[in-house]
Each structure stands twice: as structure tokens, then as C-alpha cells.
Amino acid sequence: MSKYKLASLKEDGKRTTFKVENIEIGKDFLMIAGPCSVESEEQIMEGARLAKEAGANMLRGGAFKPRTSPYDFQGLGRVGLKYLRKAGDEYDLPIITEVLDVRDIYLVSEYADVLQVGARNMQNFTLLTELGKIDKPILLKRGMNATIDEWINCAEYILKGGNNKVVLCERGIRTYETFTRNTLDLSAVVAAKELTHLPVVVDPSHATGRREMIKPMSLAAVMAGCDGLEIEEHPNPCEALSDAKQQLTGEELKDLIKAVNETLKFRESLK
Amino acid sequence: MSKYKLASLKEDGKRTTFKVENIEIGKDFLMIAGPCSVESEEQIMEGARLAKEAGANMLRGGAFKPRTSPYDFQGLGRVGLKYLRKAGDEYDLPIITEVLDVRDIYLVSEYADVLQVGARNMQNFTLLTELGKIDKPILLKRGMNATIDEWINCAEYILKGGNNKVVLCERGIRTYETFTRNTLDLSAVVAAKELTHLPVVVDPSHATGRREMIKPMSLAAVMAGCDGLEIEEHPNPCEALSDAKQQLTGEELKDLIKAVNETLKFRESLK
Amino acid sequence: MSKYKLASLKEDGKRTTFKVENIEIGKDFLMIAGPCSVESEEQIMEGARLAKEAGANMLRGGAFKPRTSPYDFQGLGRVGLKYLRKAGDEYDLPIITEVLDVRDIYLVSEYADVLQVGARNMQNFTLLTELGKIDKPILLKRGMNATIDEWINCAEYILKGGNNKVVLCERGIRTYETFTRNTLDLSAVVAAKELTHLPVVVDPSHATGRREMIKPMSLAAVMAGCDGLEIEEHPNPCEALSDAKQQLTGEELKDLIKAVNETLKFRESLK
Amino acid sequence: MSKYKLASLKEDGKRTTFKVENIEIGKDFLMIAGPCSVESEEQIMEGARLAKEAGANMLRGGAFKPRTSPYDFQGLGRVGLKYLRKAGDEYDLPIITEVLDVRDIYLVSEYADVLQVGARNMQNFTLLTELGKIDKPILLKRGMNATIDEWINCAEYILKGGNNKVVLCERGIRTYETFTRNTLDLSAVVAAKELTHLPVVVDPSHATGRREMIKPMSLAAVMAGCDGLEIEEHPNPCEALSDAKQQLTGEELKDLIKAVNETLKFRESLK
């Protein structure tokens, strides 16, 4: 009777939660931080140290990067995965990284705790189908021009395969507005939580593309009801090989997470 | 040097505030509530009573309604203004209403404390120019497809005429997404406060068009830094002559305003 | 039974035509050309001469200009209307110009043969209502973010007042694409002709904002079934006070109209 | 110096052409027709017969279908490829079909003459990279929300691998308009031919989603300068398993191709 056979929120209102190390996603707030790309062992180590110190509970870093131009930096690949794993282990942070290619699923799974499907691949149905067969959580970004309905149907592709550890991630949609990189659609968080039982995370870094907007949009996202945030942070944003304008410094991240935690406590008190 | 001669935030960081009755807009949080349209004396009286009781500090109600079809209800006109004024006086609430026609500015000014320019009229430059010459505050809604830059330029039209009491209002932009009526762009609140010294208000009713989203989006808007909210409320939403699906009951409004006030206190504590 | 009481194409398939001077709009192809703005008597005289020579049958020129910023050139106003009239008379071309302000309708009507409603004013319902009461043809541009349904409803506002001389004009819609100024939606021409009995004109100048696209898009528009074109042409495009990049020279216009006329003949032969 | 290292049109103005059987793509007009999906041997045989009879020179048919929901018909897979090949051989038509999965490239290449990359996979960079290594022409559809620049960069991914047989295909972009399935952007045809040396094809079936618009939009596309068309045609559109509303009958296709051929002749005469 439900609109989405497996993804729909059922009448009992029960929401999906699942463990990644000691975080119970869907219950504990997921605070992902780290650089856009893994650039070197030193950079990701330092990025991880800053993320940990700031209070993040998961480390991100791209090893395979989807880039508009084939001449842009495409990521370090397997070597990047190794560095990311090492940094996660060193600072006791589970790691999340993007899988671009259906043939890399097992490679990426060897290293990562959570696999990310990027916005450009949201409707890569063969990738989704294969990810339905593995036993790792999947963070599914909303496509730049995807309707909420299409996004949830993509989660359904993964669920249908038997993998029920799916996290949805709103990351901004493409509109005519050019002041921001994309337009963050926080009503999609409310919609996704109303329509499905899946945890919903927000990525204000890609959504806004502007450093000064990340904090207010993060706090707004918390009040919209999100279950986590994914924030880009870099030891030295100006030198970042990708997305330099939207990555926070360690100090900025610490300040952000502190405010997020207070807002979470406030949100809890409001119920 | 500023991008917008008059609207730009200057180096001193000074923000515009101004009084409407005993509310200091830009400093006190503006909590506008009331029905989409003034439908009858009883309806607006009851709407005002509920708004007051719920804790609103300004009453809205449309007397001149911009409607897609010429055969839809176009508002009660002058009679609607009278009822709205009477209701505002009865419950000691200043009133805000839309002015559609440059020829109605003086008529509307006689009754209303604040004049609203609707999204469809945002770039009605002759209207803006005339509103620059009067001594009443203007709430300028962002057009459905207006860039932030165009919106601020429209404020500039009013300011240029000598009227510096301008409030900006984000009300959702038109995108491909159809689950919500429009897409609420909260990053525009951050942008407008960063680029200008004007107060910025958010209308989650028109932005979402869905009753259940109004509360979470209102709290998110507060955390994004807005200076006020405009909420549609109706004594009997199901019977509303326009926008029935997005109007709150008195009870819902009371619950909303309570949460908004707590969130404001929390926001204050965060600084 | 029709969707639009007055605008809908009826079962008899009869289409609206009406005379402006010796052009039967809806039957004869309407070839409007002229500068974006009337800038001086010399400029519009020369613009008219070139338009006539190139084969246009109506002269355009803005006297009241809707501009994003209040500090941009706003048009010459009444003086511009006089120059435009003089140029039209000199070269025996009926004239079309935009009316921005409901209070200017009678002034503009004194001079112009056809009144244009610009994209930003498409839903200026008071303007539409007043234009319904006059006996001059109205060219109604589609709003930058207007659905086809909203656009036809705006025509309905004019028709409802008793003025049945309405021409629809597609001029590009706002999308995320930035290579072109707007995105020309030629399927809207087919839709408008299928849904209504009104003539439909296309403005490729504003739609593309790129000189080199105007000819191919004009020929494409003819094959999509349009009843006319509106083209910006300037004696000296580089010195134009507005829209310099999209105005054709006299030579380019002549080349364009020649190709349009051949395409029209071909279209006729195809039936 | 060129914006796109390999895709850019060089100063010599030389355009890419290449042979598929006896069609020289980029020089001969490419007229692709056939059903959305291969549904059965009989259906594709009959579809091919009608396509041939109508004057098409290439046969399309989906064997692997990207569908919004995992519960929708996903195509016949390898069996579909066999039927398609058989139908192409029977009626002496080269065949084009979509490849969804990087692991299927060699399978699809065994059967198909041209491989199609769908809109949802436009930025599936691993797929593009692998397609750069094979010796079959690739038809690259523009993503539903892709800028012209992103689209050309995706072609660059294929070219960079050494495969220079790339055809671009405009198939409509996603906008707020809901009357049509997408908004056909014919100015993108002009842009793509101005910026690159690659052939550009138009798919009015997916762009409009409305049977009655396919003919006028096809003729418009020809006048915009396209090098080919891709049209959905089905022996019995009403019973089609996908996209029923936009598939032409054999008769409609014949009528369309006749008009396209006359328009091509006219276009030639215009130069």
C-alpha cells in the first residue's frame, strides 16, 4: 500500500538505525568531516586530526573524484583509500568515501566503512543494484536535478537488493540562482523523513559552495530535522586541489560542531 | 564602492531598524500571521483573535489578490481593507496587506501599517518607484524566479525614492521539484543579510505549500538568521477561499510561535 | 467546456486574426524589428530606415524600459514615444512599444499601434485588466518563469475585459543554463497554438542574447509554426545603451528576413 | 588555446564525419527510429519494418532500460540485443542501443553499431572513459540538468581515450514547465556546433513527451542545424511497455520523415 515498497515509513513509525563502529546512525547524530579529496598522506592525516579534535565522528575524503573535465585532478585512487584508512585508524574515526565505478565496489569496501554514491551517479542503476548486494552502509546523495521521488526510488534500488543500511543525503539542487553553488533544499529533509524510515543527512558544503554559509545552513538543517551533516574541512583550504572555496579550517569546524551540538540539545529539549 | 548604492551593508555593519507601533522591526522578531485572503468580517476578526492569542505581533490578510485565473476570487478590495483594519484595531495588531496597483497605494496606505509587494510584482518598477515616495514600511517579496541580486536591486528602487523602511521576504523559488509548492531558499536569508543592512523575513507557507512543513521550516529559518516570519493562519483552513492546504489552525499557530520563541532565545544564547 | 473560457481554441479550429494598418496579424507574418531602446531621434530614424529596407513590417523601440537596477538607463519616456511615432510615420511602419505603468496606458496608446507587456509584467494583473478595456492590440510576453498555463491565463485577463486583439510572445525562460541569456522554448509555440486561437510570436533576441543564434533560432521558430518574430536591430549595436550583444546590424537583419521569408514559403509548400 | 582540447572546433572549421555502414554521420542526415524498448522479437521486427519503410537509416531499441523505479520493466537484456540485431539485419539498418553498465560494454559492442549513453549516465565518468577505448561510435545524450559546457566535457572524456566517433544528442532539459516532459533546448544545437566539431542530433520524443509536438520540433531542429534526429516509433504505441505517449505509429513516422527530408533539401538550398 505504501508508495515505496521498502523505503516508505510504515504505520508503526519505526525508523531505521544501524551501527557503524560505535555510532548508531539514525539515532546518534552523524558528524562527517574531512577534505574533499585525499591529496597526500600528510594532508589526510592532518585533516583527520583536525576533524577528531573538532568533534566529528566520521572521516570523509575522496579517492575517486568525479570531475567535470577529464583534465582535472581525478583523485589518488587505491593509494588514496589506503591513506584514508590509515588516517581513520590513527584517529579512531570510521571512514566514508565515494565509489564511482561498479567494478571498484569490492576494492572500496575493503577500506571504507560507509560507501558514498555521488549526486552525478544517483541514477547509475547498475551501481545501485550492486550496492544492494553488499553489507556496508550506503550514503546516497540526491542528484543535482533529482526530484524527491526519484531520490527515494534510488534508495529503493539498494534496499531491493537486500542492503537496508541506506542514508539519504541532501546536497543542494541546481536552479537558476548563481550566488550559491546550488540551492540547499531543506524541505527535502522534512519530506524524506515523512516519506521514508531512512536517516537523512545534509551536506551544506556542496549545497552552498560558500564558507560563510556553512554554519547557518548547518544549524538550519538541524532544526529541519536532519540526522547528520557532511562538512568539507581541509588543513589548508586555499591550497586544496578541489572545492577550495567551500572547505572549512580546523578552527571553523570546531566552532561549527560546538554550535551544532548545542542546537541538537536544544532540538531535543523542544520535543 | 558598495555593490548596491543604498541597500549594501556598510563597513560599520549597522543594520536598519524601524518602528511599526511598538515593534522595532529588525530588532524585535516580526511574527506576522493571518489568513491568505480577507473573506468576511467574521473570518478576519476570528483570524485576528487567533493570531493575537497565539502570540503574533502583526496581522496579515489579502484584500487585493493576484490570482492566476481572472475567474478566481480576486479579494474584497476596499471592504477587505476596512475589515482588516477593524480586526487589527480590535486586537491591537498592526496590519500588513498587499498592494497590487500603483493607483491603490494611497488607498492601501490609509488602512495598512505595512504594504506588501507580492512575488509577481517584485519587478513592477513603477510600483516600486511610487512606494519609494511614501512613508510606510514595505515588505518586498522575492520573485518566484528572481536572483538574489535582482531582489536587492528592487529594494534599491524603493530606497532610491527616499523610503528606507524596506523589509525583504524570501518566499520560495520556482524549481523543477513539485512535491513542494516552491523551494524555500534559506541560503538567500544568509546572503541578503550579508549583502544588505535590511531586515529579512521568511514566508514558509507559500514556500512549501504544505502544512506539515511550516513548523520545521520556520525553526530552520530562525537558525538561518531571519528577522521575522510570515505565516498563513485561518479559523477554518478547509473552507479557505485560497491556499487552503497551507494555512494553519489557531492551535497549530500557537504551537509554532511557542517553538519559534524558544528557538529565538536559543539563537540569542548561541552568540 | 474549454480550459480557458475565451482563449481556448474552439472545435471549429478558427484562429484569431486582426488588422494593424495593412498587416493582418495571425495571417500575414509579423516581422517586428527595431532597437531595444529609443535612444535619440537620429538613432530610431536610422533604425526604422534599416528595418524597412530589410523588409520588416513593424517597428519596435522601448520608451519605458524595465531595468534591473534603478541606476540603469530607464528610457526616454514620452519623448521616446514621439521619436518612435515619427520614425514609424516616416517609413510607413506601424509601431509597437512597451507599457510598464497602468497610468501610462492612454499616453502610450496615443502613439503606439500595438502595446507590449513585458516578461516582468506578465502577471501585473491590474495592467492586464486595464489593457482589456482598450481598443489596441496587445503583445503579451511570456514571463521568464511562467508556465504555459499561467501565460494563457494572463491573455485571458485581457480577453475578459473585451479586448480580443491579443498576441502571445515566447521570449525564453529562465533555466540553470548560462551559455544563453534564457532558454528559448519553441515547444511553447506549438502548445500555445494547440491550446488557444491566438497568434504566437517569438523573440529570439531576448531568448538567446547571442547575435549568432538569432538567425537559426528564427528559422526554427518559423518551422515550429510561429506567426511572427520580434528582432532587435540597431544602427550601431556596439554603442547600444541596452542589450548590445543581441542586436543585429541592418545587414544582418536583411539577411535574416530574406531567409525567414524563404522559410515561410517553404513552410507553406509543406502543408 | 581551444576551450576543449579535443572537442573544440578548430580554426580550419573542419567537422568530424565517420561511417556507420553506408551512412556518413556528420554528412548524411542520421534518421534514427524505433521503439523505446525492445519488447519481443515480433515487436522489434515490426518496428524495424516500419522504420525502414518510413525512410529511417538507423534502428533504435532499448535492451537495458534505466527506469526510475526498480519495479518497472528493466528491458530484455542480452535477448533484447539479439532481437534488435536480427531486426537490423533483416531490414538492413545499423542499430543503436543504450549501454548502462561499464561491464556490458563488450557485450553491447558485439551487437550494436552505435552505443548510446543516456541522459542519466552522461556524467558516469567511468563509463565514458571505457567508451573512449573502443572502436564504436558513441551517441552521448545531454543530461537532464547538464550545462552545454558539462556535456561537451563529457564528450571530451570519450575523445581523450582515443575514440573520436562521438555524436552529441540534445534531448530536452528539466525545467519548471510541466506541460512538456522536458524543455527542448534548440539553442544548444547551435551552441554545440559552434563550440565543437562533433555531429549533433536531436531527440524530440523524450524532449517533449507529446506525440503532436514531435513533427514541428523535428522540423525546427533541422532549421537549427542538427545533423540527425532520434525518434521513438512503435508498431502499437498504446501497448508500449514504456513511454507510450511519445511513440509514433509507422504512418506518423513516414509523414515525419517525408517532411524532414523536404526541410533538409530546403535548408541546403538556403546556404
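Per-chain residue numbering starts at 1, and chain names A, B, C and D are given in the order in which the chains are listed.
Quick note on the criterion: a contact is a pair of C-beta atoms (placed from the backbone, for glycine too) under 8 Å apart; a residue touches a chain by one contact, two chains touch by 3 or more.
Bear in mind that the values here come from a model prediction, so they are computed numbers and not experimental data.
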B-C or C-D, whichever has more C-beta pairs in contact: C-D
Interface numbering overlap (same over half, different under half) for subunit A and subunit B: same
Averaged-CA centre spacing for the pair subunit D and subunit B, given as whole angstrom: 48
Approximate Å spacing (C-alpha centroids) for the pair subunit C, subunit D: 35
Touching two or more other chains - residue numbers and ranges from subunit C: 145, 149, 174-176, 178
Category of the chain touch graph - line, ring, star, complete, other: complete
Subunit A residues within the subunit C interface of the complex: 174-176, 178
Residues of subunit B touching subunit C in the complex: 5, 66-71, 100-103, 120-121, 123-126, 129, 143-145, 149-150, 153, 156-157, 160, 174
Sites on subunit C touched by subunit D in the complex: 145, 147-149, 173, 175-180, 183-191, 194, 207-208, 210, 212-213, 216-217, 219-225, 259, 262-263, 266, 270
